[in-house]
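In what follows, chain A forms one complex with chain B and a second complex with chain C.
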Partner chain A sequence: MLKKFKSRKKFMLFIIALVIIAIYLFPVFWVISTSFKSLNETMSWPPSLIPSQLRWQNYTEVLESRAFMHLKNSLIIGVSVTVLTVFFAMLTGYALSRIKKKWINWLILLFLVGQMLPQILMVTPLFMIFDKMGLLNTYWAVILGKTGIALPLAVVFLRTTFLSIPESLEEAAWIDGCSRMGAFFRVVMPVAKTGILIIAAITFMFAWGDFIYSISFLSEMSMQPATVGLYTFIGAKITKWNKVMAFTNVIILPVIIIFITLQDKIIKGWTSGSFK
Partner chain B sequence: MFTNLKSLICNSKLTLYLFLLPAIMMVMVFAIYPLLYNFSLSVHEVTSSTLLSEDRPFVGLNNYKEVILEPDFIEILRNTLVFSIFSVLFQFLFGLAFALFFHQEFPLHKPLRGLLLIGWVIPPAVIGTIWRWLFNCDIGVINYFLNMIGIGSVGWLVTQTFAMSSVLVANIWFAIPFNMILMTSGLVSIPNSIHDAAAIDGTTFFQKLWHIIIPMIKPNIYATIILDIIYTFRSFPLIWNMTKGGPVNATTVLPVWSYIQSFNFFNFGAGTAIAVIILLLLLIISIIYIKFFVGKEEGVL
Partner chain C sequence: MAKVVLENVTKIYDNDFEAVADISLTAKDKEFVVLVGPSGCGKTTTLRMIAGLEDISKGKVYIGDKVVNNVLPKDRDIAMVFQNYALYPHMTVYDNMAFGLKLRKTPKEEIIQRVEEAADLLGIEELLDRKPKQLSGGQRQRVALGRCIVRKPKVFLFDEPLSNLDAKLRVQMRAEIIKLHNKLKTTIIYVTHDQVEAMTMGDRIVVMKDGYLHQYDTPVEIYNNPTNKFVAGFIGSPSINFFEGKLKKSDGDIVFAGDGFSVDVPDEFEDKLKDYAGKEITLGIRPEDVYHKPYSTSADYPANFVANVEVVEPLGSEFQVNFLVGDTTFRARLEPKEEPVMGEDMDVVFDMKKAHFFDNKTEETIV
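Right, the complex of A and B next:
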C-alpha cells in the first residue's frame, strides 16, 4: 500500500517536472516553430503553434544570404579565443598549483577579481587601445580582448584541476629522466584531459556569445560574428520573423549541442569556478 | 653546452615561473590596464575630435558632474536598481524552488533538470532577440496567450510602463538555471541522515526548509546572490537587443547608458565616467551586502 503511494507520488512529480520544462523551454520551442513557418503563417493571427509545413528554405536562404558568413566569423573568433585561453591557462594554472609561496595567493586573487570585471568597463579603453594598435576591424581585437577576460576563470579552474593531480606522479617521471617540461606535457596533461576539455567548452561558448566587443571593434559587416549579424539582420528585416528565428536557431544550436554532450562536466566546472 | 642550456630551461624551477607569464600578461594588458585606462579617460575630455590626439585636456571630475546632473540620471539609476533588485530576487527564488523540486527522487530527475539549463547557454544577446519576438505586441505569442485567457493584448516593448517588466522576464528566464545549479550544489552537500532525522520528527516541508535546509546552504546562498548582483548589474547585450534602452529611457540601465554615451554620441569621457560609477556602485553594494548579511561567517566566496 505504502509502496504504491510512493511510486504514485513519484509519478506525479515526474508529470509536474514535464510541465515545468514545457513552460520553461517554450521560448526555445517557439524559435524552432517560427523558423519553419512561411511569412504568411508567421504574420497570421492567431498564431499557429505548430507550422503547417516545414519550410526548410528559411534556413537555406538565411544561411546563403548572411548567416553562413557570420557563423564562420563566430567560429574563427570562438576557436582562437579557446586555443589561446586554454593554452595560457594550462601553463599558468599548473604553475599556480605547484609554486608554494605566499605571494602566489595575490596572483590567485588577481584572477578571481578578473572574473568579475564587467565588459562594459573595458570596452571604451580597449576600443582606443586597439585603435592605436591598428587592430580595429580585425579579428585580433575581439580575440585578444575576449581572451583577456576569459582567462581568469580558466586559470582558476585549471589550477583546481592540477591541484587534484598528485605531484608524486610527475616526480616519478623526473626520475625516469623526463624533463620538467616533458613531464608536464607527457604525464600531467593526459591526466588533466577532462578538465581541459571542460574549460575549452566553457570558453568556446563564452566567446561564441560575445556581443559587446564584437559590435564595438568590428564595424565591417563581413567580419562580424553571428550575435552581431543577427542584431543587424533584425534592423534590416524586422518583419521577417521566420527568417530571424531560423538565424537565431543556427546560432544557438551549436552551443546547445556542446552543452548537452558535456552537460554534467560543464556544470561542475562552472560552479567550481564561480565558488573558488 | 647546448644540452646544458636546454636542461637548465627544462628542469629548473624557472620553468614554473615562466609558465606564469603569458596569462598574467594577457590579463594585465587586456583587462587590468583597460580598467585603469578607463579611470584616466573619465577625468579627461574625450570626444570624437580628441579621441586620437595625445593631448586630451584634463577636466577633473567634470565628466562625473555632467553625468550626474543630467536630467535622465536619476531615472536611469532607478531603472538600474529596479532591474537588478527584481532580477536577483526572482531568479534566486525560482532557482531555489527548481533546485528543491528537482532534488527529489523521481524518474529521470537529473536529465530533466539538465534540459532546464538550455536557457543558460544561449548567448544573452540572442535571448534578447528571442524575447523581443515573444513579446511582439501585434502578433507575439505571449499576447496570444493573454488574449486566450481574456486579458487582451499588452504593449510590452512599446510602452514605457511594460518595457521594464519585459526585459526583467527575459533576464530572469536566462538566470534561473544558473541559480538552480548553484543551489543544487548546496543541496547535494546536505547529508541524507539529516533529511531522515527530520522525516522521523514529522516536520513539515516549510519547517524543514526554514530550519534545516536554508541554514545549511547559507554559504551557497550568499555566494549565489553576490554573483547574481554582479552579473545583473553589468547586463548589457540582453537589454540592448530587446529594447536598446527604450522606449524613451524606460529600460536604460547604467551599462546601456555608458555604451550609448561612448559609441552613439562619441562622448567617451561621459561613457567611461558612467562605467566607473557602475564599478563604484557595485563595490558599495557588495560591501554593504557582505557586512550586513554575511557578517563574519567564514568560507564565503
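Right, the complex of A and C next:
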C-alpha cells in the first residue's frame, strides 16, 4: 500500500483526505442507517452504527401516508420556479450579453447585490405583498418569491454563457435568413444548451429544497412541499426518527439523480472547435 | 447576381468615432472587389454595413437597384464568410449548408441536390455527416464557402476568410476562391489586410485608411499609378522606397537631390514638377526599378550614383538587396546576374521614368 505513494508525505495527505471525507459523509451515512432501524433501535444507547435488520417498512409506511402529496407539491413548485427562472434569465442574460453599454456593468452589480441579500430578509415584505395580492396559500406565493431569489444568479450565469458564444454565429444565422429571435432559438440556445441545463438543474434543486418561503406562505398542509412535510414528522413528544430519515432519503433522491445525469453533460465539450 | 453601390456611406459610432467616412463606390455585377487596408481602416465596417450587420449613419447602400439601408440582413439576399467561419457547432456539415435553404422553405429534394452540388464543387462530399469540431481549418473554410454557395445569393461577402489558415493553405484557397468566382460569376466583396491577396484576387481594389477611400482601381493601375504616398507604400511587396529630398535646377534640368545622391528628373515630368523647384519633396522608387548600372535599361537618364550593399538576400530567381546611401536604406530586387556583393559599393541606377513624386504636405502624388 505504502509503495503506491511516492513519499510518506503523500501517504499522510491521503489519510487526511480520507478522514475529511469520512467526517463529511458520516451524517449521510447516519441518515441512511437510521432510516432502516426500528423505532426502538433509534432510541437505544449506545447507538448502533449498522441497523440490526433492514426495516423496509419505514419507507413503505412513509410513502403510504402523505409523502406523495408533499412530493407532488415540491414538484409543482420546483418545476414552475425552474421554468420561469430559466425563461426570464435566458432572455435577460442574452440581452445583457449583447447590449454593449457601460451601464450594463452597474446593472450586473445590482443583480449581484440582490443575490447577496439573505432570503429570510425578504419573508416579511413578501408576506405583506402576497397578502395584499391574495396570493397567500397559493403555489404562486412560493413560486414568485423563489423565482425572484433565483433569477439574479441565473441571469449573471447565462450572460457569461452567451458572452462566450461568438456574435458572428448569430450574424451568420441572420444572413442565412433568421430574425433576431429566430437566431436566438435556432442557434444561440442550442449552443448554450449545456449552460442552460446546468442553471436549470441548480434552480430546480434550489427550489426543491425551499423551506422558509413554503412554511411562511403556505399554512395549508395540502399545499406544503416535502421539506415542510418532513418538518411536521418531528413531533412535540415523540419523533419517529427512522421515518423522518426514510422520508429525507426519498426527498434527496431526485437531487442525486439530477446530479449524476448532469455530470455527463458538463464533460461534453459542446462548442469546442466550432470557432477558429 | 447584382451590382453593389455605396453612395456617400458614413459610419459614426456612438462614441463619435468615425469608422467610415463618406465612401462611394460601385461594384459591378459579377465583379470581384477587394477592400484592403491596415487594421482599423474601416474595411470590415464597410462590409458589415453592406451585410446589414451594422447601421449606416449616412449615405445609401444599393444591392441591385434597391436601397437596402433599412432591409434586414435576411432579406438582402447576400451570403457571408466570416473570419472565424462561424459554422453552427451543433449542426452537421450538411445541416450547416442546408440551414439557409430550409429557412427559405426550399423543397427538400432541391436542398439535397444543391448541397451535394456545392459539396462536390468544394470536394467535401465525405464530410457532410461530420460536426464542425471534427474538421481541420481548411475543411471548415470550405464548409463556410459551401454554406454561401448553396444559397445562390446576389452577393458574396468575405471578411478576411483566409487569415486563420497557414501560409501554404492560404495560397491554395486563394486560387480556389478565384476559380470559384470564375465558375459562379457572383459579385464578390472581399475584405483583407493582405495586399498580396488583394492584388491577386481582385478585379478592382479599394484601398482604405482611417475610414477614407484612398483609391479604387484595378490592381495594375493602383500599382503603377498610386494616388498618394500611402497607397504607393501599402501596395507592393517589398514595398516602395521613399526618399526625402529637394528639387533643384541645374543647367535648365531639374534634379532631385536626396541624402547623399542626386538623380535627374525625366523631361516629361518637369512640367508638373516646376512649381516644386527648390522645395522639399518625396521620391518613390519601386525595388524592381533599381538596377546595377551595367544592366540598366534607362541609360537615357543618367540617374546613377554609388550605394553600399548592406544586405543581400538570395531568393534564387532574384536577389533582394538592402542598399545604404547617406543615412537612407533602400531595397532593390536585382537579377542574379547583377551580382551584388555584401559590403561592397555599387553603381546604382534608378529607372526614373517609373518614379513617383509626392507632395510632402498633402502626400498626394504629383507625378
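The definition used in the following text is that the second predicted complex is superposed on the first by the 241 of 276 C-alpha atoms of A that agree within 3 Å, B and C clash if a C-alpha of one lies under 4 Å from a C-alpha of the other, contacts with A are read in each partner's own complex, and residues count from 1 in each chain.
Criterion: a contact is a pair of C-beta atoms (placed from the backbone, for glycine too) under 8 Å apart; a residue touches a chain by one contact, two chains touch by 3 or more.
Note that the structure is a prediction, hence the values are computed from the model and not measured.
More residues of chain A are in touch with B than with the other of chain B and chain C. Of the two partner chains placed by the overlay, only chain B lies in contact with A:231; chain C stays clear of it. In the superposition on chain A, A:190 contacts chain C only, with no contact to chain B.
When both complexes are overlaid on chain A, the residue A:36 reaches neither chain B nor chain C.
Of the two partner chains, chain B and chain C are each touched by A:179.
Of the two partner chains placed around the shared chain by superposition, chain C is the only one that A:168 touches, whereas chain B remains out of contact. In the superposition on chain A, contact of A:213 is made with neither chain B nor chain C. Judged by the document's definition of touching, chain A residues 174, 179, 182, 270-271, 274-275 lie at the interface with chain B and also at the interface with chain C.
Within the complex, the chain C residues that touch chain A are 51-53, 72-74, 76, 78-80, 82-90, 99-100, 103-104, 131-135, 137, 147, 151, 164. For chain B in complex with chain A, the touching residues are 7, 9-12, 15-17, 19-24, 26-27, 29-35, 37-38, 41, 51-52, 98, 101-102, 104-109, 112, 114-119, 121-126, 129-134, 136, 138-139, 141, 144, 147, 173, 176, 181-182, 185, 223, 227, 230, 233-234, 236-237, 240-241, 255, 258-259, 262-263, 268, 271-272, 275-276, 278-279, 282, 301. Of all residues in chain A, only 10-11, 13-14, 16-18, 20-21, 24-25, 27-28, 30-31, 34, 42-47, 84, 87-89, 91-96, 98-99, 107, 110-111, 114, 116-129, 131-132, 144-145, 147-149, 151-152, 155, 174, 179-182, 205, 208-212, 216, 227-228, 230-231, 234, 241, 244-245, 248, 251-252, 255-256, 258-260, 263-264, 267, 270-271, 274-275 touch chain B in the complex they form. Chain A meets chain C in the complex at residues 166, 168-169, 171-179, 182, 187, 190-191, 193, 269-276.
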